[in-house]
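Have a look at the structure that comes next, please.
Residue numbering begins at 1 within each chain, and the chains themselves are lettered A, B and C in the order written.
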């Protein structure tokens, strides 16, 4: 494993993972907000909003993330001229966050929508009976209860998001997968240790995350 | 949409007006955005004829897009079969009473679920040949990567499905003298498979999209042929990517529609995973115990 | 009913496993005759697998099912010299990062893919050639004022991630900003829109892009190379005979004009005269 004793390579390894974490963090927040909004649209009384939510989900769930990220770079930045930072790397980073967010939001939306379905209809009926509006019903009664049952699916969406962050490498961010590719190119005989270090780091990060969400979901589960 | 109507009253006259106003406002805003994007692309010259002309040429389709599509479908089909086999084997393995089977099975599944597919494919292509002393073609690198990842996700889905078969089923089977393997093969897996069918299909959509990651080992799939190679010939990368996106959306929508159709069909006839854990109509949901299903990788 | 379904699942699983098993074996085509090298293989099987680039106009470009370009013509000359008909050549797409593994593992017999001869690679494989000496250069817009790499400070340069040109920019010109993609064709729309100031790689590759119809008149190659990239033909490390034979074929091609014809039919179409193939500089095949 002398590959990683070279401080230059070790720094590249660390900075690759930092990019992954930063991408995951920012995109998770944006995707959660956007996904809940989309889910609200999909169950709203306004047909255009419902259609918009459905279209969003169908388009982004059915397009490879590679293409979504590609369009963020070549559509938003190159064609529409949306520049988010003067720094080249930061600009790619933010474009990547946008791509990951709009893509992941489609999955968050579906998770939340199915969570809404788990709330017994009596709850919504009672809320309407005491005169709450649609927004109030959703915000005060349904979503808080739905939140408990969507913990587990949102956990796996988060884990997938973290792994998907590697795809931002296709538009030139030096994240883990690009760093690994570079290292393998220059240390062809150490392919296996290099892979094990990278894969092991992801596993060390994500397997506990998975168990944490499983534990949380069980703890919060509503016994009906 | 039985669920959504529960959330609000049947609209009265005022609500109808409000909904219409909201619809119009939002619709106009949306159209405005679309128009703005259209003009921006127009200014950038992205609608110019020569960029799109290659798509009217049959050679573009027969020599780039269709072979790419074929490669994508081929990798996806083989990957699907192998993932299903992998999923069943490891789900059963993980449910085994023998610790020496269940623990390694669990470790394999957990590991491959946690490693990004991009890294997997790359490793299979560059690293595996050192281990097996044989070259691995790009095709098998993609297929093996897809299988390990999606197979692991399916294994978790199957496991949850098997566990969600009502306990009375296996008790009854044991009572009539079946062995453990018979209970699994004859009673649990068939019922679980039927209940998990929609989830399986939606994972297959994920798998089909994931073939796009084959670009990393130059597997000539739809993105590689249709975007990179096509634009190397014609210099029209953005239009090419648009056309490929539409093709992906059409194919995956058909698969998703198929998943929905299976779901509706199987709901009538088969037992369902209990309602509060698998909401009707939701394709990717959480079965018992917080196990995960359709993970949106790539 | 249940039995039938189980049988179907089992059959599917079995099929899948057996397909996996076949996969391991069927990919062996092209290996196995390594001991006698390419000369032996060409003689006995009348077949060659040649690794080439698929996305480099003028050099190695896959146009549908065909490949075309200067590298392809060189590949044909070598195959002919080894007594292999054009129909006996199987072209295989390679990318920069998989050329050594392809040779080492026997996936291909030869690589003719803008393949720079260097010491690091020589440790793993053998090189014949060079058949052309390229140099890293810059592609800029026609009206650009950039005349060399020294003016790149603060400018954005586009290249392929992990490639030698990209690394050279990082180490030798750290003030330049580097945008990296997985293929050069993604750099060109950016250059066209002015979002990058230059694209960098070997001059011959850049010339290939600049000569494409759709970019005609928009770009120019700066023309001040800042590295030497002798393009070689990669073969297995122990195939010394094959390497010497390829060098002989190149020598003959330089004399009988087929080298010039290969150039004139591909890169030469843009008007650049054929370079002189300096046969005194051919490698010693690891000797």
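Observations
By definition in this document, a contact is a pair of C-beta atoms (placed from the backbone, for glycine too) under 8 Å apart; a residue touches a chain by one contact, two chains touch by 3 or more.
Protein identities per chain, from UniProt: A = Glutamate ABC transporter permease; B = Amino acid ABC transporter permease; C = Glutamate-binding protein.
In this text the structure is predicted, and so the values were computed from the model without any measurement.
Common neighbours of chain B and chain C (Glutamate-binding protein) under the contact rule above are A.
Should one ask which of A-B and A-C has more C-beta pairs in contact, the pair is A-B.
Farthest chain from chain A (centres taken as the mean of C-alpha atoms): C. Put simply, the C-alpha centre of chain A and that of chain C (Glutamate-binding protein) have 37 angstrom between them. Distance between chain A and chain B, defined via averaged C-alpha coordinates, is recorded as 16 Å. Among all residues of chain B, those that touch two or more other chains are 44, 126, 215-216, 237-238.
The set of chain A residues touching two or more other chains comprises 74, 78-79, 169-170, 181, 184.
The set of chain C (Glutamate-binding protein) residues touching two or more other chains comprises 97, 101, 182, 186, 189, 193. Listed in rising order, the residues of chain B touching chain C (Glutamate-binding protein) in the complex are 44, 50, 59, 62-64, 67, 78, 81-82, 84-85, 88-89, 125-126, 129, 132, 134-137, 140, 143, 185-186, 189-190, 193, 215-218, 220, 228-229, 231-238. Here chain B touches chain A in the complex through residues 3-4, 6-9, 11, 15, 19, 22-23, 26-27, 30, 37, 40-41, 44, 46, 110-111, 113-120, 122-123, 126-127, 130-131, 205, 209-210, 212-213, 215-216, 223, 227, 237-238, 241, 244-245, 248-249, 251-253, 256, 276-277, 279-286, 289-293, 295-298, going by the rule given at the top. Looking at the complex, you find that chain C (Glutamate-binding protein) touches chain A at residues 97, 100-101, 124, 156, 161-162, 177-182, 186, 189-190, 193, 195.
Interface residues of chain A, counted against chain B in their complex, comprise 42-50, 52, 58-59, 61-67, 70-71, 74-75, 78-81, 103-104, 106-107, 110-111, 113-118, 121, 124-125, 128, 133-134, 137-138, 142, 149-153, 155-157, 159-161, 163-164, 166-167, 169-170, 176-177, 180-181, 184, 191-192, 195, 198-199, 202-203, 205-207, 210, 213-214, 217-218, 221, 224. Note for the complex: chain A touches chain C (Glutamate-binding protein) at residues 74, 77-79, 88, 92, 169-172, 174, 178, 181-182, 184-185, 188.
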